[in-house]
Structure formats: structure tokens, C-alpha cells
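Which chain is which? They are A, B, C, D, E, F, G and H, in the order written, and residues in each are numbered from 1.
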Amino acid sequence: MSVQVSIIMGSNSDFPIMKEACDMLDKFGVSYDVHVVSAHRTPDKMFEFAASAAEKGTKVIIAGAGGAAHLPGMTASITTLPVIGVPIKSRNSIDGWDSVLSILQMPGGIPVATVALDGAKNAGILAATMIGAFVPEIGQAIADYKEEMKAMVAEKEAALKASL
Amino acid sequence: MSVQVSIIMGSNSDFPIMKEACDMLDKFGVSYDVHVVSAHRTPDKMFEFAASAAEKGTKVIIAGAGGAAHLPGMTASITTLPVIGVPIKSRNSIDGWDSVLSILQMPGGIPVATVALDGAKNAGILAATMIGAFVPEIGQAIADYKEEMKAMVAEKEAALKASL
Amino acid sequence: MSVQVSIIMGSNSDFPIMKEACDMLDKFGVSYDVHVVSAHRTPDKMFEFAASAAEKGTKVIIAGAGGAAHLPGMTASITTLPVIGVPIKSRNSIDGWDSVLSILQMPGGIPVATVALDGAKNAGILAATMIGAFVPEIGQAIADYKEEMKAMVAEKEAALKASL
Amino acid sequence: MSVQVSIIMGSNSDFPIMKEACDMLDKFGVSYDVHVVSAHRTPDKMFEFAASAAEKGTKVIIAGAGGAAHLPGMTASITTLPVIGVPIKSRNSIDGWDSVLSILQMPGGIPVATVALDGAKNAGILAATMIGAFVPEIGQAIADYKEEMKAMVAEKEAALKASL
Amino acid sequence: MSVQVSIIMGSNSDFPIMKEACDMLDKFGVSYDVHVVSAHRTPDKMFEFAASAAEKGTKVIIAGAGGAAHLPGMTASITTLPVIGVPIKSRNSIDGWDSVLSILQMPGGIPVATVALDGAKNAGILAATMIGAFVPEIGQAIADYKEEMKAMVAEKEAALKASL
Amino acid sequence: MSVQVSIIMGSNSDFPIMKEACDMLDKFGVSYDVHVVSAHRTPDKMFEFAASAAEKGTKVIIAGAGGAAHLPGMTASITTLPVIGVPIKSRNSIDGWDSVLSILQMPGGIPVATVALDGAKNAGILAATMIGAFVPEIGQAIADYKEEMKAMVAEKEAALKASL
Amino acid sequence: MSVQVSIIMGSNSDFPIMKEACDMLDKFGVSYDVHVVSAHRTPDKMFEFAASAAEKGTKVIIAGAGGAAHLPGMTASITTLPVIGVPIKSRNSIDGWDSVLSILQMPGGIPVATVALDGAKNAGILAATMIGAFVPEIGQAIADYKEEMKAMVAEKEAALKASL
Amino acid sequence: MSVQVSIIMGSNSDFPIMKEACDMLDKFGVSYDVHVVSAHRTPDKMFEFAASAAEKGTKVIIAGAGGAAHLPGMTASITTLPVIGVPIKSRNSIDGWDSVLSILQMPGGIPVATVALDGAKNAGILAATMIGAFVPEIGQAIADYKEEMKAMVAEKEAALKASL
């Protein structure tokens, strides 16, 4: 059986950021795998990966990339699956604007579900919500997570008031 | 039975843009409804809408908003469903940057799947890909659409070469 | 009796910045309290807080938030009180532009009194001027503070000239 | 008896925008007057205006300005009253960024309550909320206005659904 | 024999801008052909085009694209030829920043020779300089063009002085 | 006899940057004095300073300021002398854009001669060129400085080539 | 005898903007001439112009340019005179940011006195203040102009009040 | 015999960045030399260098510059050779935007082949592709490099999977 989510990135140096997506998928019980695929350095591999993902049973692709970030958009041009793009603030980036805009501003016909700069954590959660809309246990896991976040805010308020 | 996608926007004046999402959902055979809900003018209505969407069977929410655009993010804070945000370039917008950033840059924990400025067409397609990953006919409709786009490019090239 | 100003923020990690507002309110003799309230993680709590502030006798709300900062605007959508928004340059922020624009560019009907990026000190002073317009002692305290600032400039000039 | 709000602007050519503030103050029953005062062309007049506003009984000053907009900040440097700044997108403006930043980014000690670009309507409402916190009838007028906005959204939704 | 330059663009609607490149190549006596190729709508066609260009004898590729513009960079990832990228300010573009940054900010290893926004004229001249460095007649044609530009400035000065 | 140039800044904390202007004036033999004057904290002092500078015989004013930087423009509104504005990248600045735009984008009628962000060195040289146009020794000192810069480039090239 | 100010621009198409500088110089009784000089199209002419301006007795150079605007900075690199740069928002400009930054952000050693985007009027006034610091009649003409501006504001206020 | 590529920069302090271009040219077997030439500090030297490059047999010029970066554009205005511009993020740069825009946004007639901010590595590769289009061994070296990059991605994927 295939994994539910495939996470791709241009280099293993992006993994410290992309790992936050893995952590959230682990938390919600979503299965996934991880690949290093570069739109610019391995265009053939990217094509093969994107062309075969849907038939393998994958439900969502998460693609992280920096600078003139073409990996999410090119993957989306080939697959029929939803692609979540994570703009990464790479070395030499112009404050992250380059990766944000080259992932977000896709032309009509080829959407990429873009999350915040370095927002891999939210990419993992977003993938889980897509699956959770169809798989009740995962939908419930997200609902539980929302309760956890509420409790955490209450704890933070208690900590703040204790410190005053 | 519920619709598969709910489309919300702050004002009927946003409908000319958001209609492009409807058109794509129609094309792919995805059912949807449309509501005017404002985060700032009808916060209660937004809460009720967002809190009840998942249990009604909706699979995806598309929210369009301009300026300091809080509707997509606030909806995402309440529902467990995936929320697609469409930044709209409203009157008095600072070139669209305000709506883009206030939808895209959501904090960790609450993702919004952001598409391009005024990118309602892509929001419709993206919603269809999310559903198409689980509903084969819709997945196939997207695959067909990709073939149509290819044919359209061939036609455009023929037109260009004929005009030279 | 209620406090005159309520200060809210999404996390206790924002307190080192928001404390500057407290310090100014202390200086001017304005009473206040502090809460951790998150628009995205505790939307219900935010609603209750905002809906009850005016009837408790609060005169001004100060709300600090970063990234796609919805707390000030959503609070303003519910309360009839003036809301001062403090854009905070959070981790992963795109140079602060996201918090500035998602607080400043509110749509017609729902104003937020926005101050500079990380400008909690000015938020405290601004709240005091609003109250000082009706409460003479506080108005006088602000007038005194302006004299202090003048004296401080004179001291700085003396220090500079002594150092040359 | 003095007016409750004074509205100043650098030129009568700014009045078509600033009039939206007047309209909101009229709606809420807040008294006001209007002056043409330029920080750069009539610095003396600006000083006299700002220095005398509080003692005349004014509660709030609204200042609109474009480009390198110094009128709101300079007025705030002299008066102890709250000053609301309206960035105006003037001719030759760099997309409005110049007026936004030169009003918003005031140094510590001298706040300006900044509203959205060309946001004079919100400046009027914000001034009313400041006064409404102390004057119950005006607070009630704002609460009524919020109900009106809700009703308007319901009407817009009806119109949209009728048009589908 | 192959053409010296291939010009590609995502749609025939880009041709009014890209035609300025053709005009300059005509002027310098450089041979070229024109294709509609879309990175996102016809990824296979783009791959074939890019993979075969060098062996056909083409010397330079000019690629025009707007929004999240991936055509120049993806072509450069496949070919060993120099690729000149023309950022086009498309409909829904955020002032052209998206196309500029997604063409310019290529990662290390895959350069694109980027010209100004809508700068197809300069793309044509730049391609000619690359060829002119090896083909003397074309180098001379560029030198002649520089003289023409000088003469044109002299004419403009005469016109201005005559008009004073 | 008066000094030729007056240098003003809002705080002695700006002096490490503004000192570069002093150094260049020293080098060119231009006399100057230095004052701490704040547009926002000491508006009266700024008025007196600006109103009296021309009659004291000063030829140029250099004003450094950060954030919503009003000191150069307000000084220019009062004096008939040329005012050079130095945008300073202060704490909490939005990457310096605030000080650049609030100094540069002055409305018609009140120019400020703006130099680069933190460009106090160039402010000193620019003041010297203004005086050097009328005072031959200073004009000559600038010509000599240009020769020095050429020699320095030659040294740098030698150093680079030696290091290869 | 030489003129006091030389105005240069890259094309006669810039004259409608640069004429505002002429108008102000006419008003203040400052003599000037006008030339079409292009840094990029006539580099030799620019060098000769810049190298000879000081010895001809010119006191100030005003240079207008758009896009990647090199004329002001290159002129400043050659002459010892003060150079005022006018950023012009040309066709294909990215909202004027390109001309502003390529004139303003000169490296240490070579200042350009930059005015606002399309701010030729202020360039004329600034040139007059530089000369007026040494030539009393011109200094007086500027003082008179400041009085005129005050009167104009008073008229505008009267017009506004009459219209209410 | 002349070198194939000349690399110029304004200061030896730029060499740590520009060295990446040298490294790539070394790798591809392209001959080059390096010069310190400043548009602003040594305009005469720049003119001589640019005017003589083509006749010496050089095929491509690479010019690195920061801030208001005029070296690439001015060199391109004089030579008939292709000029590659490397925007360098210098001290006091406004996040690199100044160097990017003053190199990229050249007016019609004078192209500069611009690469990413601090993208000297890509400048070296781009120069090699220009030469490789005419010199088969160099074209082959680039093809080999593309294979190396593919192998490197495979290694990185292996390393990532081993680390999980």
C-alpha cells in the first residue's frame, strides 16, 4: 500500500525545515515518505515522480523549495494531486520574497496550495486536513489538536500571570 | 446530502472574481454552495458557518477576501477542514500585498492553502484536486483538463505561426 | 471597578515586547490588565473577551500580534471600544510586513489604531492620550512626559558635545 | 463649547478623501471642524493649531497627509491628544508606501494611531470609538452601526443568491 | 541549417511583447524561430524542446513568461545553451515582482540571463551580442547600432532645443 | 563667524553614523558644528534652530534621522538653506524603507537632498561640493579626493592580483 | 559667462517632467541650460559634459533619469559639482523603485542629492537653495516663495470652508 | 591570445563573492582574467577597459557591483560584448534590492544579463554556456556538469534516507 503523503525537497539541507511537516503527519497518524528531488538539477526524476504519484495512491504532495522555487509548481503541472508548496528562505534569498512569489503566483490552471515562508509545520497540518475530510480518524485527530492548542494558550496565560 | 465545497466571501462585490472558482467546480462536476460571510462585519455568522461545515459533510472551504483579509484564517481557526484562501486586490489595497500576506503568513498550527492574487480559478481547481484524490471521477476530470490545456497551447502556437 | 486598558497578545512569548506598553501605562497612572488570547488558537475566548470589554468599563484595548495578525482586527470587529494594534516581528515574518499590513489595512467599518512595528511603547502612550483627553490628571501626565523628553534631548546634546 | 474632533489636512485637494471621516462623525453625532494646515508650507500655523487643541476641549485630532507625510506625526509631537493619521495616496506617491511608513513608523514617545491607506472612513469611526468609550450615546451609536453592517451583509448575501 | 536563436513563450498573448526581440534580431541579421511552449501546460513539449535545442545548432534561447514564471528556469535546467529570461508583467501579477524574482533568483548551478520587466527588446540585443562575440558581422551590426543610438540622442537634443 | 555646515540628529545614539559626515568635512577643510535636535521631542528647538541658521551664515544643513524621519523635511520647511537628509536604519525600522521614504518623498515646494541609507559619509561630501562650487579651495580638495579614490582602486587591484 | 545650473536628461521625452525644474529656476532668477545626454547611449558625451561643467562656472547639475538610472551617479563620479538626481517613473519601471534606488543608493565617495520620484520641481528649488546660500537675492527669492506657499494654504482653507 | 572572459568588480572586497565565478570557469576550462574597475571611482579606466575588450578577443564580460550598481550597465553601454551583471549585497544595501534593480532594469538598447543576488557562481556558468554554444568542448563540459548535479542529488537523497 502507498503512503498518503509524499514530501519532496531540492536538497537534504532543506530537511531541518521540512522535518516539521513530518512531525505533524506523525502526530496525526498520516503515512508519508520523503524524497530529494530537484526541479533544476534532476528534471527527469521530478517528472517521473510527479507523473506516478497519483496512481501509486498518494493523496497529497508537499514540496519545499527556495529562491526561484519551481519544484512545487512544476510538480503541480504534471500530477492531478493537490500540491502544497513551502517557500523556504534560502541563502541569497531576497528576504524570502523570491520563493514566496515563485510558488504562490501560479498561472490559471495550475494551482499550488502555498503556506507561509518556512511554514513546513502548517504544510503537514494542511495535508492532514485534506485527508481528514475523507478519513474520520484523521479529522478527529485534527479536532483534538485544536483542543490541545487551546489548552496551551491557557497554560501560557497562567505562566504570564504568574510571572507578573 | 451536503455540497462538497463551500465558497465564502465578504461581499457580493467579490463575486465577479470568486465566480471563476464556481466555473471550475462546475466543469469538474464538484458540488458547491456560495455564502456572503464577513469576518469583520458578521463574526458570529462566520463562527457558526465554520463550526458546522465539517459535520454537514463539506470537504473543502474556499474563502476570498481583500485588504487585511482575516476571513480565510479565522475560518481555518475554527474548522478542521482544509481552507483555501483567495487574496483579492480590493479598492485601497496596497497593490494586493496586504491581502496576500494576511492570508499566506498564518502562524504555526492554523494553515490556509493560499493561491495567487485574484486566483479564484485556481482555488476551484485546487479544491477539485483535493476531492479528486479520493473520488476517481473527479481525479479523471482533472486529468482530462490537463489534456485540454495542452491542446489549447498547440492551438495558440498554430495561431501565432499563422499570424507571422 | 474595571481597569482602563486591557492588553492582549497571542502568546506569553510576545510579553517582552508588550511589556513596554505596561511600563508606559504604569508611568501615566493608567490601570490595566494583561491576557493571553489567540485569535487562531482560542477564537471562542477572543469572542468572549471582546464582547464583554466595553460593559466591564474598559476604555481601550491594546492587541499585539505577529505574522498574519488577526487578533487586533477581529477584536475590533466585536467590541465598540478603540483597539490599538501592535504589529510584532515574529519568527518567520517577512521582515514584519505581514503583521503591519494585516493589522493596518482593515476594511471600511472596522478600524484598528495601528502603531509602528514592535511599537508597544507607543501603544501604551496612545492609550493614555485617549484616556487623558477625558481624565485631566492623565492628560497632565502626558504633558509632563513631553517635558521629560525635551530634557532628555538636552542631556544627550550635552553628552555628545562633551564627547567631541 | 469646542468641537470633539478636529480634522486637518495639507490641502483642500485631500478633502474628497477626508470627507469620509466627516460623514462617519456626522452619523455618530460627533461634533467636528475642518482645517487646511500644512506641516511643510505652514509650520507656524501647525504649531499653533496643535498647541491649542487640548485646551480648547478637543478630544481627538484626525490628520490626513500624503507622500513624506509629516503632518500627523508633527501634530502628535506637540499635542497631548490622540492623533489619528490617514495616509493618503497622493500624486507621485510610490504606491502609497511613503505616506503609510512616514505616518506609521513613529519613534518611541510620539504615537500616531494609523489607519489604512486612504482610510478616512475608518479614521472617523476610530475617533468615535475613542469618544464613545466615555460618552455612552456615542458608544451606543457605534453598537448600532455594527448591527447595520450585519444587516447589510445579509442583504448582500440575499442579492447574490437571487442573482445565481 | 538551424536558426541561431529560438524564442519561446507560454501563450500567443505574450507575442506583442516578445515581438520586440524578433525585431532586434531581424535588425542584426540573426536568424530565429518562435514557439508557444508552456512549462505548466505542456511540460513534455518543453522538455523535448529544451533537450534538442543544442544539437539542432541553436546558440541562444529566449524565454518570456509572467507570474510564477518557470519557463526560462526549467528550460535552462535541461539545455546546455544560454537562456535569456524575459519577465512579463501579466494580468494579476503583483506589479511584476513575481515574474522578475522567479526568473532572476535561480539557484546555484542553473543560470538564467535575466533582462528588465517586459524587456524583450533587450533580450533580442543580448542574444545578438552573444552571437556577435563569435560572428564578426553581427558584432559589427551591434557596433553600428550603438552609433545609431548616439545619433538619435543628438536628434532628440536638437528637437528639445528647437522646442524651447 | 559662523560655521559653514550644521549637522543635526535626533539623538547622540545616531552620532556613530553621523560622525562619518564630520570626518569628510574635516578632510575637505569645511567648518561645522553638531547639535542634538529632535523634530518630535523638541519641536520648538528645531524651529528655532532652522529659523536662525541662514542668518547666522550657515550654508548647508545635514540632518540625520530614522524611522518616520521628519527632522530633515521639517527643517527644510523652515529654512531657506539646502538640507541634506541622511536616512538612518534605526532599531525597529522596516529594513530602512521607512526612513528612506519619509525623507525622500517630500511634497512639491520643500526639497530635501537625500543620500543613501546610513550614507552620512556622502552627506559630508555632498555638503562640501555645494560649498566647493563657490569656494575654490574646497572645490580643489574634492578634486584631489577623486584622485585619491582612483589611486585606492589601483592599490586594491594590485592587492587582488598579488593574492591570486 | 556660464549658466548657474545645467539640466540634463536621457531623452527629450523626459522634458515634460524636467520642465518643472526649469520653471522653478525661472521663478527664482537662476540661469540654466538644458541638454539631452544619455549615460548609456552617449557615454562619451556624458563624460565630456561632466568633466567640463565646473570649469565653465556651473554651480549645480540636475540630472533626470528612469529605470536603471545611471546618469546622475555617473555624472557625479566625474564632476566636483553637486549633482541633483531626479528619479523618473519611466515606461516598464517597477513602480519607480528602480530609478529611486539606482540614484539614491550611491556608494561612499560619490553622493547624489536625490529628490522624490518625478520630483523635478523640488530639484529646481533645491538647486536654488544651494545657490541662494551664497547669492543673497536668490536666498531672498526662496524666502518669498515660502511666504507665497503659506498664503496659498490660507486660500485653500478659505476655499474648503466656503465649500462646506 | 586574449582570455575568453574578463571579470571586473569595484573593489577587492567583492572578490570573495566573485571568486565563485572564477571557480566555475576553471571547472569548465574557460580562460579569464580579473580586474578591479570602479564605475564611480575610476570612470576613465572603466571606459578604456570596456572600449578595448572586444578587439582583444574577449567573448564575455562579468561585472559584479553593489548598491546603486552602475558598473555592469555602463560597461554594457560601451562594449559590443555580452555583459553579465552580478548584483552584490553590499554593506548599507537595502536588502539587495538596490543592486538588483540598478543592474536588471536597463533601458531599451543596452541589455545586461543579470543573475541572482550574489550569484557569481551562476555568472561563471552563464559565461561558459555562451562560449559553449560555439566551442564544443566547453558545451560538453557543461553537459557533464549537469550529470554531476544529478548524481549529487542522488547522494543527498541517500544521505537523507540514511539519516531518518
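Simple rule for what comes next: a residue touches a chain if its C-beta (ideal position, glycine included) is under 8 Å from a C-beta of that chain, and two chains touch if they have at least 3 such contacts.
Keep in mind that this is a model prediction, so the values were computed, not measured.
Participant: Need the graph distance between chain C and chain F over the touch network, please.
Facilitator: 1
Participant: What is the size of the turn, to the nearest 5°, that moves the C-alpha atoms of chain D onto the matching ones in chain F?
Facilitator: 180
Participant: I'd like to verify one number: the distance from the centre of chain A to the centre of chain B, where each centre is the average of its C-alpha atoms, in whole angstrom.
Facilitator: 18
Participant: Using mean CA coordinates as chain centres, what's the chain B-chain H distance in Å?
Facilitator: Between these chains, centre-to-centre, one finds 42 Å.
Participant: What whole-number Å value describes the gap between the mean CA coordinates of chain E and chain G?
Facilitator: 35
Participant: What parts of chain H, by residue number, touch at least two of the other chains?
Facilitator: 10, 41, 67-68, 92, 94-95, 97, 100, 104-107, 109-110, 112, 116-117, 119, 146, 149
Participant: Which two-chain combinations qualify as touching?
Facilitator: The set of touching chain pairs is A-B, A-C, A-E, A-H, B-C, B-D, B-E, C-D, C-F, D-F, D-G, E-G, E-H, F-G, F-H, G-H.
Participant: How about chain D: which of its residues touch chain C in the complex?
Facilitator: Within the complex, chain D contacts chain C at residues 54, 58-60, 80-84, 100, 104-117, 119, 121-123, 125-126, 129-130, 132-134, 139, 142-143, 145-146, 149.
Participant: Within their complex, state which residues of chain B touch chain D.
Facilitator: 10-13, 15, 34-38, 41-42, 45, 67-68, 92, 94-95
Participant: Name, in rising order, each residue of chain F that touches chain H in their complex.
Facilitator: 95-97, 100, 116-119, 146, 149-150, 152-154, 156-157, 159-161, 163-164
Participant: So in the complex, the part of chain E that touches chain A is made up of which residues?
Facilitator: Residues 10, 39-41, 43, 47, 66-70, 73-74, 76-78, 90, 92-94, 97-98, 101-107, 109-110, 112.
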